[in-house]
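The following pair of complexes shares a single chain, subunit A, combined with subunit B in the former and subunit C in the latter.
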Partner chain A sequence: MKGYRRYFRKKIFWFLITLAASILLNFILPRLMPGDPVAAITARVAMGMNDASAVRRIYEEYARQFGTDKPMLQQFVMYLQNLLKGDFGLSFSQYPRPVADIISSAVGWTIGLQLPAIIVGWMLGNLLGALAAYIRKGFDRVVMPVSLFVSNIPAFGMAVILLVIFALRLKVAPISGAYAYDMIPNLSWAFVRSVFRHYQLPFWSIVLTAIGGQAIGMRSMSIYELNADYVKYSRFLGVPDRKIVGYVFRNAMLPQVTGLVLSIGTMIGGALVAEIIFSYPGLGSALLTGITRLDYPLISASTLIVTLMVLVVTFVLDVIYAFIDPRVKAAQFD
Partner chain B sequence: MRNTFRQVFHSPRFVTGFVIFIFLLVTLIVYPLVSPGDPLEMIGLGSFFKPGTYISVLDAAGTPAQTLKLPDAADKRLSSMLSESDRVSMLRWLTAVGVPESEIDLQDTSSLLKLWRENYDAKARPKGMTMSDRRFYQRLDEQLESAGSAEALTLMRQDEAGENQEVGRVSGTDYVNVKDVANVRTLPLGTDNFGRDTLKELVSAMGTSIRIGLIAGSIATCIGLLLGLLSGYLGGFVDDLIMFFMNIFTVIPSFVILILITYSIGQAYRGADTVAIVIGLTSWVWTGRSVRSQVISLRNRDHVNLSRLSGHSLMRIILTDILPYIASYVVMAFILQISSGILAEAQLSLLGLGPRTTEVPTLGLMMNWAMLYSAHINGAWWAYFPVILVITLITFSLNLMNTGLDQVFNPTLRD
Partner chain C sequence: MGKTILEVRDLCTKYITRSHEDVYAVDHVSLSLEEGKSLGIAGESGCGKSTLALSLMGYYFPPLHYSSGEIIIDGRSITGMDPDTVRKTILGTEIAYIPQAAMNALNPTQRVIRFVEDVVRAHRPGTGKKEIYDMACARFAELGLPPEVLEKHSVELSGGMKQRTVIAISTILSPKVLIADEPSSALDVTSQKMVIKMLRSLMEKGYIKGMIFITHELPLLYNVTDDIMVMYAGQIVERNSARGMVFSPLHPYSKGLMGSIIVPEEGVREQKLTSIPGTPPNLKHPPRGCRFAERCAYVVPSCRHNEIPMLELEGGHTYRCGHSAQHLREMYQDEQK
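Moving on, here comes the complex of A and B:
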């Protein structure tokens, strides 16, 4: 365990740096808007409003949040202070509900949906890819083109297709939401069953889109490893096939974990859009509400939370990686 | 070089992808020639007209008619008039007067009518039927009788005095040739929520989306290539600095940065090209990382060292000794960037951050409008399914080309 310290210190360092960078970006990008950002946002929000005092209130609320009258550095300090307190301001589309409240109710749904879906998709994809590489002829011929095609259906497209087939045609699944609209979240058996029923379509649409890409990557990696010298050498030595396959897949898995680390952001982005199709009450839908109702604090908070989620997942994967990759282990004990 | 091309075009994957992509491109060029016009013109008043051929009723009535005696014409006319609920009502009557339900086929109009004529009696009072029910059936029967006899329709024209003058008669056996009708419009994919010709819009949207992909892909590849080359070849402080940014931007999802930037730009300035440029600016990291690692493995090869010892300039070494070796890789990355650019636009548009609607259609915007108007719940498959299919086909063909190239340049992956 002691040997890992340097590795973890490095990873934590990078975690903090990226965290700082993402907070900085979240702070700076909207402020780079041409002209007075507060006026620009207010103009968008106030479009179609003719109550002058309401417009004024909105302007003042934004001005308070942005603190545009103060110098940039002081604004940033203010922004950080609010962030530490978990204060994302008040939502404009659901005034006077605090944004933190909206976000905290959405985060659970998003994590509960996406994390299992991405993990299951990744595992199934790797299994299929490994099988395709090992069995080759026949299976490979069918599985590869199919998964290549399926992996190219965008997540939202898959969501719409599943929705139309299962919810509208076959009527075996509900159309939208995360639980029946006439229910109040509680811990009753009926509620859990309703959540489970609503969970299926969004879950499988994410899983299906994740499978293809992973299967293709795993297949290439496995074929590459199967042709490596150590495999040939082991064959000559008469090492049993099962054992060789074990080595091969372990080696092929490592780049797949790295691949997952690198693509988790893209996957979550795609899955957020898939959420919208099902009106799943997660961060994707919160983001959509923010954008369509011009609710700037909600957008800002949602993007920050999504980034934070990706950062944490990446960090966790990095930690797991350290334990399964013998090279990292070896490097620590030198 | 020629040998490489021959190899590439012998890879079945690459060829399949290439053929699909060329097919899409040809459609893009040829279809507007076949069916010219503004793709954003709102021709339909109302939303989601079904795919099919639309014939002007006025022109059809004015076209000289021929007489065709078709035996099943009356039945067909009746079956198109009989709505689903009428059929169910007929079933209710028939079962009420004692016809076994297994003998009734709701979809077979002629047998249903035959049963109806045999069993309907206006004076009968089946059990459980109220007065108003019986009235309903009387009306239904009258309707069926009048439709079946196919009386002639009289065409009237109102003159200036406001009086109707008969200008012609249309009987049940009158037919006009579609070719003789002045105004016939085929809408192979119907219309969208704004009443625009979906197919025309789709072709035009495909063009815009491919352009977005090309612009975004070129920008991302150029930046990634430049930074990757600099960082990999120069090493040292430059490498550290570039790697610092690359590490940050691999973890922060580019999607989030994309959302923040496109939101900040604001609707008014958000054209298709602007969105493409922003996508390009946020998605170079992948290319940059992989170019860097390729360059690092090349940096200390003998031929590069030889060039360096001969005192060749940095530009020359990069252009002649390094670029050719990573060219295939860069092309592959470029192909992937195009497809991810198209996807990114679609996702942004679904979030409501796509290009302005009024100027050009893009695949993402079409999808977005179809979803906003609940095309999937209204059963208007033509408004969203072709869009998903086109996006999938574009990215599928590009990825097929990519894996084909991969197999050519990485012999270990070959089948």
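Moving on, here comes the complex of A and C:
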């Protein structure tokens, strides 16, 4: 048990270090972008004003409020203080809306769309890969090339393909949004149905791109495991095939678990564009608005949320791995 | 003479290559094993030892295929049985196997006891966990393995321990015949000794009734087995008692093989270590006549034309050579002078 505790202490230590580094980067990077966001807001507010000193005062007022007139280090300390209170500050681009408000309304859509899509894609991909490895022959000859082909279409490419086929040609699915534009989110049956209809295209565009890569990985892992010595040995002791298939796929799945976690990590990065194509009101779209309008607090907050998700998932993976793979346990706990 | 526990008649098995050529790695092999005896099979690598081990199990999967011949275990022929029946009723209970690479023979993500459960239940469905655990504990203890091993994963075991665990699992259902394919080749001498002791005690305690021990380490065979069989290019070339084989090999190949090793006994210091020139023939197109002719120092033209049958001498000593036993011995004696 002492080994367990040391292992987790080490993992938590690195988790915290990474978190600190990512908070720093998330703060600095947006602020390195060229352009002055406060000037942009001032220009918007002061449209039509001629009095230069009034404009200047408006600018200074905003700069004071956002804290951009202070040195970077002081800004960072303030940012940290607010962060601890769960306050991400006010959005520049949607002033005076708090960033926390924007994020909390977006993050639900993103997780609701991407997490099921990635998990479904992962499961279907693994199933296909495992079957391809086990059946071989004709099935494998179809699954492999198709998987290779599909896995090389980026999520946004798939999004456009689906959009053209199902929304524009067949007109069986809506073109954009997460629900009909004339509806207000509520729990009515009509709204849920609308959400479901809007869900399909973005969902399947992510699922389809996920399937290919997972299937290829699972196939080669399964083939490798099927030829392992323990498979032959088990056969020669009369252990039935269904048991052996169980051993093989369990072992082949282990690296695939890493694949799942990595794809959850790239959730925002990779599938962000799919969100934008479908104008899905998720984190991807929020981040895009933030970037185009130099909205530092919004960018920092979005990227921080993403980083946090990746870190938590990786940490959970490390913990899970220690339990499901005795080899990792043996290597880590000693 | 005891009861014959394993009899093999004219067994031929082949590999079918990707280019659909047949390679007969086991070619008309006949052998018999009496109850309580052990038989060693020796030969250089690629001679078909391991394939013979696999073929004896009566269960074939690609690229190995059954061609002809018969395998009889304790009076019951298992040839022509449906593969699933063989797997359910023969493997593990009648005949068991210890693989060459025991290092990787255990599923890395499974505890030993879970695998033992699967093995036992494959033959006795519905056996309770507790019952299997008690049975495994008792057997492991008796074979000198700590019962804690059962709760371990294979990565937590040392090489020698892994090998002994594999042996204990293979014989957990007390199979009649045990086929050990190089069970100690990858081990250091201490572990090797423990493995050999374990195999011996399996025989002595009657958990197994006969053993076929395959190795390229001849000194080991001499110490472990009652009889030794020498294989060359898929065929048996000589069979004799271990003592007879080591001290007066008859077939030129056996002689070459015995001459290439050191037996740790009196008088070997004066012996010269020899080697056999050349390499074994390609079994895709085995040569006509004697397969050893190319490398044999005593070859005569007729060796390359006539199929050489197995000849029987006194005391179960058999060999496959165109020369008579007497002629061979005379030639060997002339050489010594």
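The rule we apply is simple: the second predicted complex is superposed on the first by the 253 of 334 C-alpha atoms of A that agree within 3 Å, B and C clash if a C-alpha of one lies under 4 Å from a C-alpha of the other, contacts with A are read in each partner's own complex, and residues count from 1 in each chain.
We take it that a residue touches a chain if its C-beta (ideal position, glycine included) is under 8 Å from a C-beta of that chain, and two chains touch if they have at least 3 such contacts.
Predicted, not measured: the structure shown is a model, and the values here were computed from it.
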Clash or fit (per the criteria above) of subunit B with subunit C on subunit A: fit
Which superposed partner A:135 touches (first subunit B, second subunit C, both, neither): neither
Which superposed partner A:152 touches (first subunit B, second subunit C, both, neither): first
Which superposed partner A:314 touches (first subunit B, second subunit C, both, neither): first
Which of subunit B and subunit C A:303 touches, first, second, both or neither: first
Partner chain(s) touched by A:229 [first = subunit B, second = subunit C, both, neither]: second
Residue contacts with subunit A in the superposition, subunit B compared against subunit C: B
First, second, both or neither for A:276, with subunit B first and subunit C second: first
Minimal inter-chain CA distance - subunit C and subunit B, angstrom: 11
Residues of subunit A that lie at the interface with subunit B and also at the interface with subunit C: none
Subunit C contact footprint on subunit A (complex, rising order): 228-230, 232-240, 243, 247, 250-251, 254, 324-327, 330
Complex interface listing, subunit A residues touching subunit B: 14, 17-18, 21-22, 25-26, 29-30, 32-33, 37, 40, 44, 136, 140, 148-149, 151-154, 156-157, 160-161, 163-164, 168, 175, 216, 220, 223-224, 227, 262, 265-266, 268-270, 272-273, 276-277, 287-288, 291-292, 299, 303, 306-307, 310-311, 314
Complex contacts: residues of subunit B adjacent to subunit A: 244, 247-248, 250-257, 259-261, 263-267, 286, 339-340, 343, 346-347, 350-353, 367, 371, 376-377, 379, 381, 384-385, 388, 391-392, 395-396, 399-400, 403, 406, 410, 412-413, 415
Residues of subunit C touching subunit A in the complex: 57, 59, 61, 87-88, 90-93, 96-97, 99, 101, 103-110, 115, 118-119, 122-123, 153, 155-156, 166, 169-170
